[in-house]
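Okay, so chain A shows up in both of these, paired with chain B first and chain C after.
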Partner chain A sequence: MRIGVVTFPGSLDDHSALRAIELAGGEPVSLFHGSTDLKEVQAVVLPGGFSYGDYLRCGAISRFSPIMESIIIAAEHGFPVLGICNGFQILCESHLLPGALTRNSDLHFICDDQKVAVENIKTPWTAGYTQGQEIVIPIKNGEGSFQCSDETLAELEAESRVVLRYVGKNPNGSRNSIAGISNKQGNVVGVMPHPEQAIEELTGPGDEGLIFFSSILKEMVGR
Partner chain B sequence: MSLDTVAVATANPDALQPYEQLGLKADEYASIKQILGRRPTSSELAMYSVMWSEHCSYKSSKVHLKQFGEKAPHSDALLVGIGENAGVVDIGQGYAVTFKIESHNHPSFVEPYQGAATGVGGIVRDILTMGARPIAIMDPLRFGLADAKDTRRVLPGIVSGVGGYGNCLGVPNIGGEVVFDETYAGNPLVNALCVGVMRHEDIKLAKAHGTGNLVVLFGAKTGGDGIGGVSVLASETFNDAKPTKRPSVQVGDPFAEKVLIECCLEIFKADLVVGIQDLGGAGLSCATSELASAGSGGMEIQLEKVPLRDPSLSPEEILMSESQERMCAIVEPSNIKHFMAICKKWDVTATVIGEVTDGTNLHITFNGELIVDVPPRTVAHDGPIYNRPIEKPTYIAERQSAKINVPLPSSPAEIKAAVLTLVASPNIADKSWVTSQYDRYVQGNSVLSQPEDSGMVRIDAKTNLGVAISTDVNARWAYLDPYEGAKLALLESCRNIATTGAKPLAVTNCLNFGSPEDPGVMWQFAEAVRGLADICLEMGLPVTGGNVSFYNQTGSVAILPTPVIGVLGVIQDVRTRTKMGLAKSGLEIYLLGRADANLSGSEWAYLHNEIGNFAPKADVAMETRLVNLLLEGQPLFESAHDISNGGLAAALTEIVLKNKIGAEITIDDVGVALMSETPGQVLIAVDPKSSHELIALAETHKIECRKIGISGGDALTINGAAIPLAELSQAHTETFPKLFG
Partner chain C sequence: MATIVVEVMLKPEILDPQGQAVASALPRLGFTFAQSVRQGKRFEITVAGDPTPAQLAEVEKAAETLLSNPVIETFVVKVEK
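Up next, the complex of A and B:
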C-alpha cells in the first residue's frame, strides 16, 4: 500500500510522516514538490513545517507547487489527502478545505500535548477511531487558530465535518475549538495537531496518532 | 571612487588608516605592517581587524585555554578535537556525534529577536559544517532581574528568536536554562548548543586542499548586515551616495538555512566536497583565510563574483559582511556539475568565486585588481596573544569573612510558606512559558526534553542508541570560587546525564565573563579554565571545543562569571531512560547524598539577599561513585531527579507536579535538607521490593542513601506540612505568565 508524503522546501515533519506510514505497515513514498508525478501512491500526506518559510501566508506559495496541481485534481476525484499543520494550511490555501489558519490568540508559537476528540470517523483517515474518542497528540504551531465565516462554520457543524476538536481549554482561539476538518466528500482532511508525532510512547505523548495511518491503510485495502 | 589595491598601498606607504576605529591597537597595526612588509590595503586591514578581534582570535584567552590540550585525558572517543568548527566523538555503531555551544550575547541585547535567532543559526551551521545532521538544540539563557523593565523587552524577544529560528529549521529544542540575576541586566547571555550526528566516514573538515580545486560560495546572497565597525572603512573610502546606517546585528532567514541544511546533506551524501566552512563571524574573511590556512595556503578569490543583495557594497564590506545562511566549499572541478545540480534542486544560489592555488598566499582580486595578498595563517591563526594581568579581586576575601544569616523553616507552617515562596521565585518557577514556544517533537526522536534532567534523543530507531545532553552552571558558586564553580558545573552536568541513564562522554563549554582588561575578571577566567581543565582530566572526559565571550559588563560591573558547561552522554538503549516524575503511588523515595549547612550560592540565600561566603568543594571521588551508582542502578529506578537549584524543596516539587502524584516526606534537619544545594544529591523512587537492592548498591558505592518518603496522594507533605498539589502547581506555574504575559 503506497502512501506518499510531499517534501516542500521547508517541510519539517516529512520524515516523521514517512516513518508513521511505515510503522502502520504501509509503504512510504517520498514525493518532491517540484514534480507533478504522484508515483502511483494511493493517498498522500502534506506534512508539517514551514514550507517556503511561511512567506506571504502559511501555505500560500506551496499551493502553487507542481505537485499540488496533481493533488488538487486527484482530490477532487476522491483521492485521500491528509494535511497536517502546514499541510492543513496548504489545503485551505488550495481551497480544498474552507476557512483559514491565523495567528494563535496569544500570539505565541505553542508546543504542547493536546487532548482532542475525534468527532468524525467517516473519513478514511479516522475510520479506526471510535466516535468521540479522546486522544492526546502534540500541537506545535504559531498559526493554528481556525477561522471561517459563520455560514461555513454552520455548514461544517451541520454536515459533521469537524474531524478533531480541542478538549478542555481552546489553545489558540479556533472557532468552536476546531482542530481539524474534512471536505464534503470526506477524502480531504486537514488537522492542526500532529498525529505523526504521537506514534510511539517513547518519543511522543503516546501512540494514539498512529491510527490515522493504520486507518488509511485499512480503508485502501477495502476499496 | 578609488580602490585601495596592493599597488596603491605600496606606493603610498604612509597613508593614514583608521585602525583604531576598527578596534586594532597601535602595536597590532605595526605587526600587520611587519608581516606584510608594507601597510595593509583597506581590505587587508578589514580582514586583520576582524580576525584579530577578541571574538575571532581568542587573544586574551588562548594562553589559558591551552590547558585543555595540555591536561587532556586520553580518550578513544575523540575523533576530531578542538580547533575545527566543532569537536566530534565516537558513540559506537559507526555513529559520530558533534556538539558545541556558542554565545550570541551582545547582539541579543541590541536586538533580542534577531540576536538570538542568528545565534541558533550560527551554531547549527557549525554542526552542519562537520558533515552532520543537526538533531537537537539547547539554549542556556540568562537575564537581569525578572521584574526589571528591560527584562520584559529582552526575554520575550530572545525566546521568540530562539523559537522562531529553531522551530522553522526543524531541529528540536530539548532543554536549556533560564536564570535571572541583576548582573545580567544590560548583559543578557544567549548561549546556544547544537548536537549533530553523522557516520564516521562522513566527517568533513575546513581545509582547502588540491591545486585547481574550486572555491564555491553558496547559500544566501551577501548583504550589508553585520558589518559593524568595518563601516568606518566604507565611509573613509566612499562618497555619501550610498546607504550609511547598516544594522550591525545580522538578520536571520531560517527558511534559507533549512534549505541549506538539506542541500548540504545531499552534497555530503554524494561526497562532493574536499573541505567546507560556514560563514559566521567575520564572514568571507574568516572562511577564506581559515580554509586556506588549514590547507596548503594558496587561494585566489575573485571578489566581484560574490552575489550581492546590495550592489553598493564595497570590497571591504563584502569581505566583512556577516550575512547569514552562507557556506563556502572546496570542490574538485570534476564534481562541480553535480554540486551545482543539487544546489539548483534546492533553489540555493551557488557561485564559483575562486580556486585553490599552489602558492603560499591568499590573493583576493576585485575586477582584476589585487586588493588582498596575505599569508592566510597570519590572518586566521597567528593573531596577537595577550597574557593579560591577573589579580585576585578583593571581593573574594570580603565574601570569605562574611557571615551569612538565612532563616530556615522548621514548623509545618514555615515549611509550607518557604516551599511556596521558593518554587514561585523566577529562578525556580516552572519554565513552560519559555519551553512551550519551542518545538521539542520535530524529527520524532526526542526521548527526553525540559524539564527533565537532561535532553535525550534517539540516534538509531532500530538499535535504540541515543545521546543525552545537559548544560549547567551555578554562577554564584563560580563568583565565590571560579575554580570550584567550574568544577561543580561539570559535575552537575555529569550527574544530570547519569540521572537519566546515560554515560558521560565529552564536554563542551561557553565561558561568559566580563572584561578581560579587568585583572579581577581575568583572574576569574583563569581560575575557571584551570578548574575545568582539572576536572575534565580527573573525570577522564575530553573537551571537544567551546567558546569564550568576554566584555559582558556594564561600566565596572561584570556579570557573574558564567562558565556554562555542556556534557554529552551516550545511552545504549533509550527505552531504558529514567524520567524524573513520580510514576505511581506507593513508590519508596530515597535520597542519595546529604545536604550540609552551607547555603552559599543557594537560591534560598539569594532570596534573602545573601550570596554567602564559600562555594562547596567539588568532591570528584564521591561524584564518580555516584555516577557509577546511577548507571548501575538504572534498572531499579522508577524515577530519578538530580538536586540542584532550589535544593530538595524544588526537586520534590518537580517530581510530584510532573504527573500530579503527591508524596509524603519525613526528613531530619528539615530546613537545611530542603534549602541547601550541596552537590551530589539525587532523589530516587523505587518499587518497595527493590529497596534492599538500592540500599546494597549504595553501600557498595559508599553513597549515603536514606528513605525519606513514599509517593501517593494529592499533596506534597513534608514533616507534617501538607501542600495540596493544586496550590503547589499554581505557585510554581503562574510566575512566568504573570511576568511575561
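Up next, the complex of A and C:
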C-alpha cells in the first residue's frame, strides 16, 4: 500500500510522516513539490513545517506548486489526502477545505501535548478510532486558530465534518475549538495537531496518533 | 513608471491578535490615542508607464488569488505615481 508524503521547501515533519506510514505497515513514498508525479500512491499526506517560510500566508505559495495541481484534481475525485498543521493550512489555501488558519489568539507559538476528541470516524483517516475517543497528540504551531464564516461553521457542525476538537481549554482561539475538519466527501482531512508525532511511547506522548495511518491502510485494502 | 499598491486587511470579523498586541503596547509608550489597531499588508508593484485597465484587472485577479485570502481578508488596489 503506497502512501505519499510531499516535501515542500521548508517542510519539517515529512520524515516523521514517512516513518509513521512505515510503522503502520504501509510503503512510504517521498513526493516532491516541484513535480506533478504522484508516483501511483493511493493516498497522500501533506506534512507539517514552514513551507516557503510561511511567507505571504501559511501555505499560500505551496498551494500553487506543481504537485498540488495533481493533488487538487485527484482530491476532487475522492483521492484521500491528510494535511497536518502546515498541510492543513495548504488545504485551506487550496480551497479543498473551507476556512483559514490564523495567528493563535495569544500570539504564542504553542508546543504541547494536546488532548483532542475524534468526532468524525467516517473519514478514511479516522475510521480506526471509536466515536468521541479522546487522544493525546502534540500540537506545535503559531498560526493554528481555525476561522471561518458563521455559515461555514454551521455547515461543518450540521454535516458532522469536525474531525478533531480540542478537549478542555481552547488553546488558540479556534472557532468552536475546532482542531481538524474534513471536506464534504470525507476524503480530504486537515488537522492542526500532529498524529505522526504520537506513534510510539518512546518518542511521543503515546501511540494514539498511529491510528490515522493504520486507518488509511485498512480503508484502502477494503476498496 | 507607476506603482500599483495592493492593501490587504483582515476582515473586521476576523480576530487580529497582532493588531491587539500593538494596541496594548502603545499606551506603555505614552500614546493614548488608539481605541483599537488593525494590522494589514501593503504590496507595491512597479510597472513600466501608466498602468493600463487590462493590467489593473490582472492585478485585481492576482490580489484575489494570491496576495489575499478572500476567506479572511479584503483588499484594495490603487495606483500611485
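Everything below uses one rule, namely that the second predicted complex is superposed on the first by the 223 of 223 C-alpha atoms of A that agree within 3 Å, B and C clash if a C-alpha of one lies under 4 Å from a C-alpha of the other, contacts with A are read in each partner's own complex, and residues count from 1 in each chain.
Here is the rule we use: a residue touches a chain if its C-beta (ideal position, glycine included) is under 8 Å from a C-beta of that chain, and two chains touch if they have at least 3 such contacts.
What you are looking at is a predicted structure, and each value in this text was computed from that prediction instead of being measured.
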Partner contacting more residues of chain A (chain B vs chain C): B
Touched partner set for A:Gly99, first chain B, second chain C, both or neither: second
Contacts of A:Gly209 with chain B and chain C, given as first, second, both or neither: neither
First (chain B), second (chain C), both or neither touched by A:Gln197: first
Residues of chain A contacting chain B in one complex and chain C in the other: 106
Interface residues, chain A side, partner chain B - complex: 9-10, 12-13, 15-16, 19, 34, 48-50, 52-55, 106, 108-112, 138, 140, 142, 194, 196-197, 199, 202-204
Partner chain A, residues of chain C touching it in the complex: 10, 14-15, 17-18, 21, 66-67, 69, 71-72
Interfacial residue positions of chain B with respect to chain A in the complex: 160, 163-164, 167-170, 253-256, 258-259, 345-347, 435-447, 458, 461, 574-575, 741
Residues of chain A touching chain C in the complex: 56-57, 60, 64, 92-93, 98-100, 102-107, 145, 147-149, 173
